[in-house]
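Notes for the one structure printed next.
Read from first to last, the chains carry the letters A, B, C and D; within each, the first residue is number 1.
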């Protein structure tokens, strides 16, 4: 096993990877940007190397700097986490040529599968059903308009190098097409360095169902069942669960086998995720492969009892899988909620800033993969994901109630989060009944607003604190030695 | 004790009466009456018993008020009597009709209009980004762009007016 | 299902029970003493009722007060937790006669099994092997000395009403017998209101292995596999794990069947634990039945995926068990460490006082059932158990490493805990190899002292804080509005 | 900066030199030298890099010093120059030979000797209880009980002398 590895990521996923490393006796090297000098992943690591300025391109996306950090610290391998360089084939290749083990698939596999249209062609050949759409990506808006007319609206504009909803737009009519293409291209160019787009026919009322796969270097491939990730806002998953409420034994076999075919067709190695759209009819379509650890991997870990990061490391050292498909069992029901720093009262706009108070939920079956702490300033430069709250229980209903309790006891003050929105979804009868489609939010929560029932309780708490605080001066952020939120947002003009 | 406490756009009158016994207060908020027992658990945590039902409330000063957490929700509670008379409010995009201002600290990515352009209500004017998410600020009403007060890559914050628009057919004049 | 129940306990176990209640939509009523007005279980409950003074006999052991609290709040049932009134048959009977459901076995079963000598006789009849010993308890020291002479030292002095090591002494020679009997009698009288003692032959180098049982009101009985609890200090369990490192499939069958025989012989209902001593030879002896939820129940929950409190509540409402023995599977390996407020540098004497700083461990497979919080004053009147840290992982070794990491990241300042002692046990080769016998501590850690290797690091931290604190004044307990530890220990003279 | 810092019974000289660059300090403690980088993460948490190895240290004032947590262990660190010259020490039972004093706040359960009794080293004198656990305080040496300074049910704390014993054959006289 490796003696030391570098984690080329930040926040909750870097912390999560380091925890497994520590449990395996592996030393960890964190990398960080100026904005992250006191970030949770820096505190968790055995060593930390400054990459550069806060702008991702100057730090977390800077391949050279990351490789130099690994060489300088003697790290034998690099775990890329998700996002940033995780699905960048050039990065994997740089690791390969520098003699550093990239903990993920070979660069060739990442390159093939990262090209969404090539991946579609490959899977079609392997007999895996794919959605009708363009097979060639383009940066020519005219070509996109023409294809959209041919296919008929609604269409899905997607970035060829995309993932996580970045550079993706649903366009329901011609008038919206121009701005959608321009803004998707700009987003994709920024996020992936590649603005090429392609179109897909919009599948109506689908579920997003994905299969976790594991493949070792010896040709052994297994899947670890599905995750349903239909609850999305702006094409970003916000709630994931396993099993999918729509799953049946025969569908699970069919989709599981399709996932294995995808892995075999692409020569996959290490952990990956095969994403499908599932129609109400039971028909499913291959969407794409995420060639890395998935944000929502913990729900698979909790229900299968398998530590995916540990297996990623073992596979990367050449160890064969110690189990076969039939040895893998799943138990109970797990739900994950992503905790985004977004203001549900201001159109879900991102809410960076100082975490003034942080009390985490706890208890049986509750796991909080968290990248913040009290006193941490959430930077404006990176994804708004603060962490993920995951629960497991015996049944879906017990898991739903457990998640509700956990969310209701999760205190984050100073920045805004989507927790109240998540609570209302979890409590809704639509979610309770498992009617989870990718248009769930638009359909059920389009006009959601913060419930004000408890506003009087908040007023009461305010006054009680005022009345009792003479004896016990309320510590403000300033008195606790922290800068106030507005002071810390570096160089903003107000 | 009397307070006027504002949460989001709602300001309510709060009357608090110490009801004799030491750890009990009677509250009248608007039309509602609440009997409240309390204990300060720590500097930032209160244990309240409101009409017999126990709740844990967390609170901390920040900005112009106190952030208060109850029952899974957090609120910014402000003392309306101590607020500056007029200031840039943290609001949804639809709520400050005359202002084209970002809802959060962010960076200008694209300016889609020029001075002198006629714009329609809802038309995209400026795209800003924060935490890798882009948002389009839209025209609050039909009108003419009289000034663009920012540039691409500028860092902007709530309250900054980025575009000035002269309303075409103002309703109240 | 019940609408509202009362939890007749305090601290971590009361909090843990309330969490399941909340997830089942059941309202909770806490009870508390003067010392516990701001205890964690009071903060967790929907309602709280003051029982009386801090002395247990005037609050948590006061049957009348508890029943009145239940009646006043309209609680339909009472969960007794462990300790206090949990195994008091008079309390169960008072519930029965007041029309309140006691969440546990019928008072008759508690009474039968609580009489250790009667229980021995009952189990002997049922064909379950028991340890040679006295069948009659006594308060006459002379009779005890005489029996000890007859049996031969070493002997075990045990309280007939005992449990949890209270009123228990190992006596290896005649000279120690007098003080041992007097102090055991006094302890037992205090703890259980019954000072009667009996003797057992000391089994040498045994493991403590217990089976979790569940029995519904319809005659269905299952076991949920074993827990090994050999790592004990002063007859108090400090580390528990499942599976037992000594377990084999045939032994598991034999002991599991014995546990089921015990349940059937006693007419058991609800959750309980059958304790055995297991000799290196594989011979095992019935010790006693704990007629309540066990402190270490979480390791069973984590490996079987079953919420024992939920099942206790369902059984109490008359619901039949939804599964049979063969449906119950166990996965992975779980370890629990009890976090006692005891000073490992001062002979493990209890360490009550104010919790100045509290940072809980987190991460995959980590559960902290905790009854304290930052700013809480741990009372001098009650058990020194602050909580329990539990981990699960795929293998024993992975669980051992995970627990080590979790313990090393658990910060409790202000009071002393046994965490450094636990860390050294977890890291020892004897524990790693599974050589866990009830004399493990005496054998391997008799002369344990705190490692001082990190003392210089502590000095460095002290100085760095001094040098940087001009800019950022270090908040003392006083400045944070809390009384200092010495002020809070009510009425102690110094 | 120079300190004399005491942990348990060990006092060590600590020299700290700011080594030019802003966030680095060189330490000499006894015979050892440490190169330390640091960052104050919060009021109670430091991120230290000691000879290249990162550690998170937590600290808070309490009692006569600072409680400090590193690598899973907590220490009470005291400034030896600021300690009262002589005070009741928090010690193990064997470490303060002349004192029969409880190690922690506790309650007297039983007194097993009377004034004038001859006692042997290790003989049980008094049983105290705290958190439902009983501990026997034992005679530190052979001698005669000259005074019993407590009663059953008394609340006692570290530093209180509960029994005075005149040593029978003092070694140093």
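Here, a contact is a pair of C-beta atoms (placed from the backbone, for glycine too) under 8 Å apart; a residue touches a chain by one contact, two chains touch by 3 or more.
Since the model is a prediction, treat every value here as computed from it, not as a measurement.
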{"item": "Chain separated most widely from chain A, comparing mean CA positions", "value": "D"}
{"item": "Distance between chain centroids, defined by C-alpha means - chain A, chain B (Å)", "value": "29"}
{"item": "Centre-to-centre distance between chain D and chain B (centres being mean Cα positions), rounded to whole Å", "value": "53"}
{"item": "Whole-Å separation of chain centres (CA-atom averages), chain A against chain C", "value": "40"}
{"item": "Numbers and ranges of chain D residues touching at least 2 other chains", "value": "43"}
{"item": "Multi-partner residues of chain C (each touching 2 or more other chains)", "value": "472, 475, 480-481"}
{"item": "Contact graph of the chains (line, ring, star, complete, other)", "value": "other"}
{"item": "Pairwise chain contacts, counting only pairs that touch as defined", "value": "A-B, A-C, A-D, B-C, C-D"}
{"item": "List of chain A residues in touch with chain D within their complex", "value": "37-38, 42-43, 45-48, 373-375, 480-482"}
{"item": "Footprint of chain A on chain D - complex, ascending", "value": "39, 41-43, 45, 47, 49, 52-54, 56"}
{"item": "Touch list for chain A against partner chain C, complex", "value": "16, 19-20, 22-25, 298, 301, 305-307, 310, 329, 331-332, 360, 362-370, 392-394, 398, 401-402, 405, 472-473, 475, 480-481"}
{"item": "Chain C to chain D touching residues, read off their complex", "value": "166, 179, 183, 186-187, 190-191, 234, 341, 343, 345-347, 349-352, 356-357, 359, 380-384, 407-414, 416, 419-420, 423, 450-452, 454-468, 472, 474-477, 484-486, 489, 491-494"}
{"item": "Chain A partner contacts - residues on chain B that touch it in the complex", "value": "1, 3, 5, 7-8, 10, 12, 14, 16, 25, 27, 29-30, 32, 34, 36, 38, 40, 43-44, 46, 48, 50, 55, 57-63, 65-75, 77, 90-93, 102-106, 109-110, 124, 127, 130-136, 155-157, 159-160"}
